[in-house]
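Chain nomenclature is as follows: A, B, C and D, assigned in order of appearance, with residue numbering initiated at 1 for each chain independently.
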Amino acid sequence: MGRLSVDLCGIEIDNPVIPASGTFGFGYEFAEIYDINCLGTFSFKGTTKDPRFGNPTPRIAECSSGMLNAVGLQNPGVEKVIEEELPKLKEVFHKPVMANISGFSVDDYVYTSEKLDKEEQVGWLEINISCPNVHGGGMSFGTDPEAAASVMKAVKEVTTKPVIAKLTPNVTDIVSMAKACVDAGADAISLINTMLGMRIDLKTRKPLLANTTGGLSGPAIFPVALRMVYQVAQAVDVPIIGMGGVSSAEDVLEMMMAGATAVQVGAANLVDPMACPKIIEALPEAMDRYGIETLKEI
Amino acid sequence: MQDLRLTIKENRQLTDKMWKMVLCHPDLAVQKPGQFINLKIDGYFLRRPISVCDYAPGEVTIIYAVVGKGTKVLSEMQIGETVQALTGLGNGYDISEAGEKPLLLGGGAGVPPMYLLAKQLRAEGKMVTVILGFNTKSEIYYDEEFYKIGCRVILATADGSLGAKGFVTDVMPEDYSYIYTCGPEPMLKAVYKKAETSGQFSFEERMGCGFGACMGCSCKTITGYKRICKDGPVLRKEEILWED
Amino acid sequence: MGRLSVDLCGIEIDNPVIPASGTFGFGYEFAEIYDINCLGTFSFKGTTKDPRFGNPTPRIAECSSGMLNAVGLQNPGVEKVIEEELPKLKEVFHKPVMANISGFSVDDYVYTSEKLDKEEQVGWLEINISCPNVHGGGMSFGTDPEAAASVMKAVKEVTTKPVIAKLTPNVTDIVSMAKACVDAGADAISLINTMLGMRIDLKTRKPLLANTTGGLSGPAIFPVALRMVYQVAQAVDVPIIGMGGVSSAEDVLEMMMAGATAVQVGAANLVDPMACPKIIEALPEAMDRYGIETLKEI
Amino acid sequence: MQDLRLTIKENRQLTDKMWKMVLCHPDLAVQKPGQFINLKIDGYFLRRPISVCDYAPGEVTIIYAVVGKGTKVLSEMQIGETVQALTGLGNGYDISEAGEKPLLLGGGAGVPPMYLLAKQLRAEGKMVTVILGFNTKSEIYYDEEFYKIGCRVILATADGSLGAKGFVTDVMPEDYSYIYTCGPEPMLKAVYKKAETSGQFSFEERMGCGFGACMGCSCKTITGYKRICKDGPVLRKEEILWED
C-alpha cells in the first residue's frame, strides 16, 4: 500500500506499470535481466485457441518515434501455454499475471478464456479485440460495438476473474466501443492497441512488411492514446488501463491524469529492456516534482 | 546480455559501403563468434543489430554497412564519443563441431563474423579455409586479416575482377570437415545445397528487440519456430527449413 | 514537363510539392523568405463563409516527432479573402493556387465554393471535411460517408474547377469515405488531415490546449498516412494527394509509391520555413538514387 | 528573418532556473530590442522561442529558463557546438516614443529584453529607470548589468528578501514619460492598470512556427486579430484587449 500502489479491479498492484502483451513474452527473457517481480503485473503474449506461427517476415519496420509490427499473434496455443509456459512463468514471477487472449470467433474467445480463467496465477483476462495484423479476426471485433459486446458477454459468462476489453484506436468513435464493452460486462478497458500503418521500401517500391500493413507503436502514438483514454474516462465508470507510447515516469503520470488507473508499456521494452524498472524507479521523484503524494489521488 | 555505454576507439571506412568500428567498455563480454550487438543511435527508434567481427576482453570490433540514415549517423561518430549497446546477443557459432579442416564461407556483409570464428578455430590448431565472396574487387575487405591469422584464403568475385570469377560455392575445396557460413540468403541456400558435411548457417532478419521478446524475427525450422535474434542467428544445417 | 512535373486533375504542375493548408497562410510570410513560385502550388488557409477568430490559446503543443494544433479555422471569411488576400497572393505567386474551404453546413460549403470557383487564380477547390478542431462542423462531415457525399455533390453542382475532398484519418474505414466522395463527384482525394490527439500539463493536471484536444501532425503520423493513401489508391481511380508528416524528398517518393499523384507538406513548413524548396531541390538526386527517371512513372 | 547555424560562445547558469547563452554568426542581425530567436533543439519537434537580451553585430545574448526537457538539452550544450536558429523574429520595441524618462518593468523571465532596450535608450541619452521584479533574492539576475549602463535600478521581490517587498507595480515612481514592460500576464495586467502614460507591452504565447504562418499564437486586440509571433510580441497599450 505504498505511494505507487493502485487497485485494478479489486486486485491491489504495487505500482501501475504493466508491460504490454506482445512485448514481454511470458516474462523469461526479461527475468534474465532483472527481477520482474518489481512490476505491477504484466500482460503475457497474446494467446489463441490454436497454435499460430503468425505472419511471414519481415514483421518489423522503423518509423519516426516508433515502429511497425505485423507479428500476427505468434503463440503456441492455449493448451501449450498452460502446460509449458505458465509453469515456467511461475518460477520467475510471483504475482497475479494478466492473460491476453485473442480469437477469430466468439467461440474461440470463450474457449481460451474459460481455460485461462481456471489458472491460479491469472489475475485478469485481457480480451484483445484489436489486433490489426490478423485477417478475419481480432480487429474486426474491435471496430463494431455489437460484435465487441457479443465477445465480452460470452467471455463473462464462462469466467470468474476480471475481464478487460483491449480496444483498437482504428475507429471513428472510441467511446461507443468502450461503452458497448462495459455494458456487456467488461470490468475494465485497456487502450490503445497499435495504429494501422505502413512503410514502403524505396528500393523495391514494395511494402517493407510482408503483411503490407502493421501496427504503429511508440511515442508517435502517445497523443492519440492520451486523447482516447481521456474520452473514454469521461464516459465509463470502470478502470482504464492506458497505453500507447508510454516511455517515462512522466508519461505514466500524464496517462493517469487523463483518467487511467494503470498504464501499460509496450514498444519501450523492446528498445530498452530495462524500460519498466527504470520507469518504476523514476516515479517517486517525478511525483514529488508535481506534488503528487500517492498515485491513487490522481 | 549486457546494456553498456561503449566508447568509440576507432571508426573508419573500409570500402564504399563498409565501415569498421572498435568499441570499448571494461565490462564488455562476448561469449561466442557469430553473436551480435544492438546499437542505439540517437534520433532513431529501433536499435541496429551488427555482428561481432573481433573481440578481446573489454573491446569489440564490428564492421557495418552504411545502408540508411541510421548507419550514416553511426559512420559520422567520432573517436571518444559513446554509444549505448546491448551486447552478447544471439547464440553464436559452436566451434566444438569444427573437426580438423573447417570451411568458412562469408559473403559481402556476412564476412565479419567469420573473422572471430576463424581466430578461435586457429587458436585450437585447426586448418582453416576461408572463402570470401564479393561482387567486385573494390568491395573486398578484411582478406588480409584472415591471411595474418594463418587461414587459407580463397577469394571469389561475381565479376571476376579479383580472385576466382563466381560465387563462393564455385570455389569450394574437396576436403573439409565442417561448414560455417554467413551471407545473403541466396548464398546460404547455395552453400546448403552443395555442402557435403554438416554445418552452421547464420541468418539475417529485420529485428524488433534483438533479445527474444517481440517475435519480430521468427522463422520456421525442422525443430519448430525459432527467433533469429535469440535462438539464432546461427542455425544448424539439419534444422533449416527453406520457405519457397 | 520536367522530371518532376505531374498532372493534377488536368493541370500540369512543375513538381508534386504542395504546402498544406493552414501551414502556409496566403503565401506572403514565405514569399519574404524565398520565391514561392518554385512550388507546384500551395493550398491556402482554410476559408469559411464568415470570419472566424478560431479557438482560444494555447493552440499549440509539442509531441514526439510532431505537434498538436487547435487553431480552429481562423480566417477573415470568404469575402475578405477575395477582396484582400487573393490580390496580395497574386503579387507573389503566379501559378494556379488551391483554395481550401471549410464549413458548418452544406450551404456554407456551397456558398464559399461558388465564390472561390469564380476567382481566376484558383486552380482547384480543396473541400476540408476533416477539421478536428471545430465543433459541429468540419470533421462531422468527414466521418459519415453520406454526409461527405452530400457536401461533395452540392459543391460540384455550383463549381467548374476540380474539386478535391480532404479526408480525416479519424475513421474506422477510410476507403468507404473516399469512395463516397468520388461517387458524389470528387475529382481527387487529399489525405490525411491531422489525427485527433491531446496532451496534459503535468503541473496543472489540465489539458495543454485550451480546446482540450487538437490535431496531431508531423512525422509521427506518416506511417498511418501512408497506409491510408495506399488503401485509398487501391480503391478509387481519381488522383490522390498524400500528406501527413512528409518532411523529405524520400517521404515524397514513398507517398507517391503508395499511390499519391502529388504530396502536401504541412508541419515541416512550421519548423523549417525552407522545407519545401529544400525538398524540391533534393528530389532529382533522390530519384537518381532509386532509379526513378520521372515522377510520373511511379 | 534569417535561418542560421549559430555557434555557442558562452553558456552558463545565472540562477537555479535561468541560463545565459551567447551565440555567434557573421551574418547575424537583430533589428530591435524585444525581438526573439527560435532555436531548433535536436530531438524536439518545435523550435524554442527565446527573447534577445543583448546584441552586437554577429553576436546575440539570450537568457533562457530551463523549464522542460528541450531547454535542459540546451543548457547542456558546450561552447563551440552549433544550434540552428531563426533570428530577427517579432516586431520588437519602438524606442522612438520613449520620451526623456522611460520606465522599464521586467518580471522574472521577462527581464532579458529590457536589457537591450535599456542600452539603446541610454545610447540616446535617456534617463532610464528599470524596475526588476523577482519572487525571491536567489532568483535575481542581471541587475548589475543595468547599473553598469547607467540605469536607475529598482528591485522588488515578492517575499521582500531583497529590495522592496512586493510587485513591480508597488515601486513605480511618480514621474516617467513612457512605459516598456515584459513579464508574466498578471504583471502586465497590473502595469496596464497602474500606468499613467502610454507604453509597449511584450506578451508570451505558445508558438508553432514563430514567423506568422500557423496562427498558433493569435490574440484579439482593439485593432483586430494579431499574431504574437509576427505582429507582436510587443503590443501598444492602446490596442491591448484583456480577455477575462
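Methods note: a residue touches a chain if its C-beta (ideal position, glycine included) is under 8 Å from a C-beta of that chain, and two chains touch if they have at least 3 such contacts.
This structure is a prediction, so every number in the text was calculated from the model and none was measured.
Undergrad: Please state, in steps, how far chain D lies from chain B along the shortest route of touching chains.
TA: Minimum step count, chain B to chain D: 1.
Undergrad: Return the distance between the CA-based centres of chain A and chain C, expressed in whole Å.
TA: Roughly 34 Å separates the two chain centres.
Undergrad: When the centre of a chain is set as the mean of its C-alpha atoms, what distance in Å lies between chain A and chain D?
TA: Centre separation, chain A to chain D: 47 Å.
Undergrad: In chain B, what residues contact two or more other chains?
TA: If we look for residues of chain B contacting two or more partner chains, we find none.
Undergrad: Quick one: which residues in chain C touch 2 or more of the other chains?
TA: 61, 63-66, 218
Undergrad: If you connect every pair of chains that touch, what shape comes out? Choose line, ring, star, complete or other.
TA: It is a ring, because the chains touch in a row that closes back on itself.
Undergrad: Taking the touch rule as given, give the residues of chain A at its contact with chain B in the complex, in rising order.
TA: Answer in residue numbers: 22-25, 29-30, 32-33, 45, 53-54, 56-67, 69, 71, 74, 218, 267, 269-274.
Undergrad: Inside the complex, what are the residues of chain D that reach chain B?
TA: Its residues touching chain B are 42-43.
Undergrad: If we count contacts the way the header does, which residues on chain A are in touch with chain C in the complex?
TA: 63-66, 68, 143, 170-173, 195-200, 202-203, 205, 207, 212-213, 216, 218-224, 226-227, 230, 245, 250, 253-254, 257-258, 290, 298
Undergrad: Where on chain B does chain A make contact in their complex?
TA: Residues 1, 3, 40, 44-47, 70, 86, 205-209, 211-220, 225, 230, 243 of chain B touch chain A in their complex.
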